[in-house]
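Next come two complexes built around chain A: one with chain B, the other with chain C.
The block that comes next holds the complex of A and B.
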């Protein structure tokens, strides 16, 4: 049976909080008004393991976008720790540098993780 | 103590010499071949067709820090304004200086916006750079083919 990655992510971040602040983690968009928050979405997929001309496993790459108007580094580290513990692999070369949106005041960092999925 | 001696045929010695003399050229040609694949992959995924005007391959160069031979694929230049817009400004991180231009929207800014998105949900991200650089099989194949060609068939996969 193949796993539903979104369900894994949702259960991993159920009640996610950093430094006593609860941080919503949502699929694709966050329509709430508070901050900080994290949104996730699939960014890419790649065939990874084949045998007898059949695909046996593939990698799915997920982006986790951290948005915060304050210090986002503890959130970044907490997201990494949670996902690595859940079986994801951090992909530094697919992650972004630190970004800043002057018009909204948000700091933004995209973290990319790989999840190996059996067919 | 046991000794071992090996005499290499003259022809092989000349081949090694030729490869050694042309190492930089061979590696340079290989990185260019890989960059060309990435450039084509990016061109096929551009979220805005007009961005093609800024998609470029750099000259091949050596980085002094590690002696590496590199060829870059990059996006630069501007997308002309549409409508009544007269200038584009962006501010660095808090306290950073303001960058202002009348040439158009900087294409590197636009590429970053599409690649990673932003907090405003109307800017849905469309990753196209990472997907293009992720075509490792195609890139490796092109580089190995170039290795064979540039070495006159002496080096092959």
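The block that comes next holds the complex of A and C.
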């Protein structure tokens, strides 16, 4: 059966908290209020393996965007630790620099992870 | 008759009657999913010049080198085609191991006048040898490592080193190979 990566992510971050603060992790968009929060989405895919004239496996890349009005670095490290433990591979060169959005007051960082998916 | 891929390697351990050269097979097995196949044939390349011109030439195939590219290295399969010993899942490679002769089949999907066809090819006798080995740590750029098993093309006593036939379906092409490699009835 083909793995559902979103289900793996949702399971990995069920009850996710850092420093006693529960941090919602949502697909694509966070409809709630308050911060900090994390949204994730599939960014792209490449590096396929084929055999017997069929696609056998490929790499999918997921972006995790951390939003916080305070110190976001512990959240970044916690997200990385959770995903690496779940079998994801951190992609530093596909991740963003530290960002600040003056119009919203959010610190923002995009973390990219690779996941090998069998077909 | 454009080629549009490669699928379904099948092999069978072969036994050659030393007196007659007759080949019997032990039943078709799948070594893994097909990734690539390469073959370079050796030819006699014998020429005779007479009266200041080419009088005779012989380009008969005398053997060759093959490379089987597959998606996995199944220890049981590799032990069988390389002649290694396997006991309760443990494979022991010994310098005295001798790889058996095997028959090797493959299917090449084709596009012919806008119709899908499937060419089954059987090499009557091959003998594989130990592949080189290397591993690399995982990095940010994924590289799926596949396996290439080198081997020799052997010419049977009757000279019939290859058989081919084109079919309308992949299933019929696979059945052709499986039938050729079928073990004799006990």
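Rule of thumb we're sticking to: the second predicted complex is superposed on the first by the 116 of 119 C-alpha atoms of A that agree within 3 Å, B and C clash if a C-alpha of one lies under 4 Å from a C-alpha of the other, contacts with A are read in each partner's own complex, and residues count from 1 in each chain.
Simple rule for what comes next: a residue touches a chain if its C-beta (ideal position, glycine included) is under 8 Å from a C-beta of that chain, and two chains touch if they have at least 3 such contacts.
Bear in mind the structure is a predicted one, so any value in this text is a computation, not a measurement.
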Chain A as common anchor, with chain B and chain C clashing or fitting: fit
Partner chain(s) touched by A:92 [first = chain B, second = chain C, both, neither]: second
Which superposed partner A:63 touches (first chain B, second chain C, both, neither): first
Inter-chain angle, chain B to chain C through the CA centre of chain A, in degrees rounded to a multiple of 10: 70
Partner chain in contact with A:108 - chain B first, chain C second, else both or neither: first
First (chain B), second (chain C), both or neither touched by A:13: neither
Which superposed partner A:100 touches (first chain B, second chain C, both, neither): first
A:49 touches, of chain B and chain C: first, second, both or neither? second
Chain B versus chain C as contact partner of A:40, first or second or both or neither: neither
Partner chain in contact with A:31 - chain B first, chain C second, else both or neither: first
Chain C versus chain B - closest C-alpha approach in the superposed model, Å: 9
Residues on chain A lying within both footprints (that of chain B and that of chain C): 46, 94
Complex contact set, residues of chain C against chain A: 5-8, 32-35, 70-71, 109, 138, 140-144, 146
Residue numbers on chain A that touch chain B, as the complex places them: 29-31, 41, 43-44, 46, 61, 63, 65, 67, 94, 96, 98-102, 104, 106, 108, 110, 112
Residues on chain A engaged by chain C in the complex (per definition of touch): 46-54, 56-57, 59, 89, 91-94, 114, 116
Chain B residues within the chain A interface of the complex: 90-94, 112, 115-121, 125, 127, 130-131, 134
